[in-house]
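Below are two complexes that have chain A in common, paired first with chain B and then with chain C.
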Partner chain A sequence: MRRVINLFILFLVMLMFLSGCMHIRERVLDDIQLATAAGYEYIGEDKIEVTAVFPNFQPDKSVKNEILVASSIMSKEVRDKHSLQSEKPLLSGKLEVTLYETKTAERGIKDLLDTLERDPSVGSNVFLAVLDGSPKELLSKQYGNMDNGIFLSNLIEQNIESGLIHKTNLHQFTYKYYAEGMDPMLPIIGKKDGKINLKAIGLFDGDKMVDRIEEKEYFYLKILLNRKGENDTHAIKLDEKTKVSIFNIRSKRKYQIPKPMTNSDITIHVKLKSMIREYNDGPLRDRKIKELEKAMEEDIKKNSEEMIKKFQEKGIDPLGIGEEVRTRTRKWNKEKWEEIYPDINISVQVTMDILESGIIE
Partner chain B sequence: MFELEKKEMQISPFLVFFNIHAVQVGVGVLGFQRVIMKSAGNDSWIVVLVAGIIVSFIIWLMYVLLNRHQKDIVEIHKDLFGKWIGGMISFIWIIYWLMIGMVTLRNYIEIVEVWMFPTINIYMFSLIFIILAYYCVTGGFRIVAGLSFLGVCIPFYLFFTFLFPIEFAHFRNLLPIWNHSIKEITLSTKDMILGYLGFSTLLMYYPNIKHPKKSHKWAQLGNILTMVIYLFILIVTIGFFSEKQVSKQIWATLSLWKIVEMPFVERFEYIGITSWVLIILPNICFSVWASTKGIRKIFNLKSKKVVVVTLGILFCVTVAVQGRENIALLSKTMSYLGICLIFIYMPLLTLISFLLSKIRRGKFEKGN
Partner chain C sequence: MRIWRNKRKTDRNEKDQVKDDSFQVLLQQLTESDEFTQFTYASRSSMLCIGYYSSLIDTEILHRDILPYLKELELISSLPNVIPIEEVTLEKNTTVIQDQLLRGHVLIFDTNNLNQVGLAKASVERTRQVTIPEVEFSVVGPKEAFVESLDTNINLVRKRLPLPELIIKELQIGKISKTRVSVLYIEGIANKENVNTVIQRLSELKVDQINDSSYLTQLIQDNQNSPFPQLIDTERPDRIASVLGDGKVAILVDGAPHGLIGPTTFFEFFSAFEDYFLNWTVASFFRLVRFFAVLFSILVTPIYVAVLTYHYELIPKDMLSTLITSRSAIPLPPILEALVLELTIELLREAGARLPTKVGQTIGIVGGIVIGTASVEAGLTSNVLLIIVALGALASFTTPVYQMGNTIRLIRFPFLLMAHYIGLLGVAVSFCFLLIHLLRLSSLGRPFLEPFYPLRVQDLKDSLIRLPFSKQSKRPILEQTEDTVRFNTAKAKEKNE
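Showing the complex of A and B:
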């Protein structure tokens, strides 16, 4: 027994000395700078300019945003160049948002994503966004009393949670990029009167942005995208006087694909249970609600079918219809699917149920 | 029961549950998905089940053999094939057990290098680990078995963190079921077996179990727990990643953790990988213990210094093998050796033992 105890003490003593030899580079939080947002822009054939933002915490508890701009052929090289400009080393462990300038997104962002995918210190929760405008200019401004990375990440996260835009982050983008029957989407950020806003959603073909959908179409996209949805909002104008805005409590989407991998029709069934949020044409009677339901159904059907037509013309599939077909066929063939996809007749069947109409009639 | 170990060196039968499970789950869990999904794709969960059932059958076979002889495998070899040939075959087993330890430790260090500290001094790291293993193994088999109990229970909370990725999972990816040919399934079953290897150390510690016949059901349950864990992680992976995305992830299980975000910790991998030490420590201890005991028995050594030799070999190989390709080569050699020994040699041995006992009994009766 004593032998064991001796051995144990020896072991503990050795441990204390040995840990010093592990050669681990320690990173003390006060001695590094953590970039919270990065903006990418191609400025030449294969030269990228990266703007990194890091917070500088002031003694009076306010936060000052500082940016570093450098360009090189690869983004990790740029980080080294950033460090050359700063008094502390710049690290990417706390990266929250990466922005891609519109032209860069149209050219393709696969090469720029490699650094995020390969680096173990970057999480999958990083938000990606396309930026209308120059990253340098946008990131150098101050938005609220917080650092810009957190601000942008809160902006996107808040809108995902409240149901205005689809779920998006680095993982979702790469998932859809590698999935065979689906194309990715990213929110597009723009500046309007000095304020940042999520102005559109960029549609990608592979890693290249080819199209965008505007804010008024978010609703159609969202109810078709997810198997189950909630919190979506929508407003329509029926005629001169009648305007109504609804709020979606629960929605269910179901695909009906009778003969997968053929030219036969695909039907998407959407069931919505909603509440009226705003209405301005006199009192709401039961009969009126039935009318509204009908009108809504038609509006959603027409607009979503148009939207899908547009996708088919461009040969992109942000809704993942290909994935639905893939999981229903045994011998999936990506090339064949891409060939037949634009000619398939895809229709949307909507059932709208208005359950409540607020606290007044 | 004359060949069994002394009472104070024995463990309760139920501990076999933890022993079997602890040795099976090592670093394999962290990156098995890419390998098996390469050929079996979304049907890989079938592969996990098939491999688990095959392993279950082999465990049964081991018990048939061991229950008949009531000895460890080195002595069974001696009985059946004589001192020289038997010793040689036992030596191959010992090399195999030692390789399990090497592969586990080396792969773990690689993960630490890639995910956490690229500049880590691997000499120092392996040395510390080996001192720890020395401490455990010299404590005797009861310590090693107890360690496997802790190595299963303490880090078990880690498996709950794989519930986080379900938020983003598309379980439709599991469809269509049975989308792959029998040939593809078989191919990846062979790869999946690697994840279950290590349970063969049972052949060495069988005499250390109290009422060894009763431990059979615990061994089977341990194997089932391994299967359930693999199945759970695999299904989450299939849902969370698209197929081509998985093929890019060397450690898909660790990549699952990249999505975990908690208020108090930004990167969960750091906690996860560090906790994983507790999972691989019993692994290495079992492999070192089994090979040490084997060497002692073959060469009739009583000295405690044998363990220093085994650990020395483990250390040298671990630090000598560097770079992903070489590490993969080491793992591959180990898995081939394991598959040959367990799936070809084990049934053969059981058969030979059965036949020889028949023949010998026949001779005995004739002699009378």
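Showing the complex of A and C:
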């Protein structure tokens, strides 16, 4: 009994006096500056300029964005330089979006990603994006009554959820980067009439951006990218006056690779179940719907094959066809695959099924 | 060490008490108290002397049922035949005489013959009426609560269980208070081991006073240093009757309006007896709500402190601005802010509990509204924390057993300190300690965390959830009952069809 009491007293004394020895640095929420977005840009051969934006929450619930710009040879060094300009230490644990200027992205972003991957306080759901324009200029503007980092993150998140662009974040990027038969993609953000918009998708070869696909091709990319897709939208023009827009309820993608790791053909089967969102040429009869299905199938087939051709010419593989082959081969050889990839004949087979045409009689 | 020394002392005191048993000495001793009334009364053949403690007897019985009949008395030995009261005895032993006098008997003796004295019961019970339960109030169901009289309490239980197998073993505990303590169990259902454990622990007690059943809880529970009560304390006779049928043992103490129940499990402390009056779906929902309220109450403030002090990364982006703006003007670090508010709530609770009901309500309003709003406006606490602390306090009051509620309120403070020192790791470590402690606890030797550890699937039917009565055909395994079947489901089904 006495021993227990003594131990208890000892414990209390230790708790009171030894807590100073623990060396756990407190980071009380209101004594730190939270960087929510960062923009990277190479200025010169080895020097990066990092623009960090942090929100300054005003007592009247409004938010003022403030930016810090500094440059150094490595990005964590820059953060220290940022802190030199700031009244509170700048921490990156709440980073939501990182932006890479187009030139920087073309030069390769692996070195810049290293700090994000290494830092345990940065989550793997940080959004990455390529920026057409200067990060300093974009981040210093105010977009609505919210913090810029959260604004950009909401912008990307909203578009992923509504199915307009592919799933992307730090985890996805590094996964695709390290996967042997796959190349990453990132959304490209640009400014148009003072508004930020997602203007294209940047295609990477390793960590270097080599090409981009524009907004009208998103649909082909999306249905081919994932095994199962939904929520995509697409519109085509059949002839001079007939236009139709469809909504993809559910699509399935299947690879047919008869002889993996050879030059033989690869077929990608896509089955789409869709509904008509908009149609401008009179009543829709069953026959008409059949026609539409046919036209759609042709359009998708033609355009996606063209897109894949383009990928093959550039030697990039954002669809992960290489991964599909890899899962079907016993002896995977990256070098050999890269050699044969551009010459493989890849065709797309589309089956379109329009299930519904809306409530108009 | 100290307990052992006390024991030796009490042993010696008891030896001292073996004293001269002459009746004269006793009489001398009795008359020292002014309250002891003594007068002589002439009967037909002899001078009788009558003595009693005036505060303990009913004078109406004395004048109506005793004194008129004494006139006829020839010999003191015929006293039981003369007085029309059922409890009239003849005694020689002075200790018994003393005891009986103190229990409201009237002493009658012949001044010429001191060998044998008569004792007639004329005690008056001053006790309050059976009222509605206040601590364990329920909207539906019986509205009777125990009172301070043991006999009334036993009556309340026995009328619910008219059964010869309901055994009541009475013990006397306390050197000064000589409190009557009854152990209740149903022969043939309750495990003898449980009964013997209780009786042994009670009879080995060496204390001078037992003023309430809560004294006994603290003295006979398995781990007396644990903040967790290991015997349920209830004021509902229906609850006692119900758990006796489960094979539990109940303890009733004279002078205490609460009975004790054992063996129990941790989860029983979160089941109100009202759960049995409601439909099982509703009851299960309420139980789950209560249990999560307790978890919430223990963990929410420590998590707030840990997250704000160390783990800003965990805050969802949409909550950032709310948290930062509410904290922006606060000069105190999160731990002090939280401690100040938690202690304020404790102060309010304590003040409310000590003051009379009417004033207590005012204190609650003044404290809750004035202090809360003012401290936020003064920039001493953030309004987010105010909500969290208030919710945590509210959640801790949902515990149906008062003692357990107090425990829940206490164990948040170590959690808070650990959260401040090492963040969420501290919360996790504290939680582990709490879990280990609960795992080690037992109630009358039965595991306290049953039915989750050891896992007994059959007992889950009445733990965090309550299944319908038709599914409760077997008695819980916890009590290791002698008769494991409550009723035969097969027969019940036949009847339904």
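To be clear about the criterion, the second predicted complex is superposed on the first by the 340 of 361 C-alpha atoms of A that agree within 3 Å, B and C clash if a C-alpha of one lies under 4 Å from a C-alpha of the other, contacts with A are read in each partner's own complex, and residues count from 1 in each chain.
Please note the rule applied: a residue touches a chain if its C-beta (ideal position, glycine included) is under 8 Å from a C-beta of that chain, and two chains touch if they have at least 3 such contacts.
Since the model is a prediction, treat every value here as computed from it, not as a measurement.
Student: Just to be sure I read the superposition right, which of the two partners does A:T329 touch: chain B = first, chain C = second, or both, or neither?
Tutor: first
Student: Is A:S153 touching anything from chain B or chain C once the two structures are fitted on A? First, second, both or neither.
Tutor: After superposition on chain A, A:S153 lies in contact with chain C alone.
Student: Taking the superposition on A as described, I'd like to know which of chain B and chain C A:G123 touches: first, second, both or neither.
Tutor: both
Student: Just checking: does A:I359 make contact with chain B only, chain C only, both, or neither of them? Give me first, second, both or neither.
Tutor: neither
Student: Name the contact category of A:Q172: first (chain B only), second (chain C only), both, or neither.
Tutor: First partner only.
Student: Who does A:K61 touch here: chain B (first), chain C (second), both, or neither?
Tutor: second
Student: Touching A:I24, do we find chain B (first), chain C (second), both, or neither?
Tutor: A:I24 contacts both chain B and chain C.
Student: Please indicate which partner A:G93 is in contact with in the superposed arrangement: first for chain B, second for chain C, both, or neither.
Tutor: both
Student: Could you list which residues of chain A make contact with chain B in one structure and with chain C in the other?
Tutor: Common to the two interfaces on chain A: residues 4, 15, 19, 22, 24, 93-94, 121, 123.
Student: Spell out the residues on chain A that touch chain B in their complex, using ranges where they run on.
Tutor: The touching residues are 4, 7-8, 11, 14-15, 18-19, 21-25, 93-94, 117, 120-121, 123-125, 167, 171-172, 174-176, 178-180, 182, 323-324, 327-330.
Student: Can you tell me which positions in chain A touch chain C when the two form their complex?
Tutor: Residues 1-2, 4, 15, 19, 22, 24, 26-30, 32, 34, 36, 55, 57-59, 61, 63, 91, 93-94, 96, 121, 123, 146-147, 150, 153.
Student: Considering only the defined contacts, which chain B positions touch chain A in the complex?
Tutor: 114-117, 119-121, 124-125, 127-128, 131-132, 135, 138-139, 168, 170, 172-173, 175-176, 179, 240-245, 248, 255, 258-259, 261, 266-267, 269
Student: Please give the residue numbers of chain C that touch chain A in the complex, ascending.
Tutor: 1, 225, 307-310, 312-313, 315, 317-318, 320-321, 323-325, 327-330, 333-334, 417, 421-423
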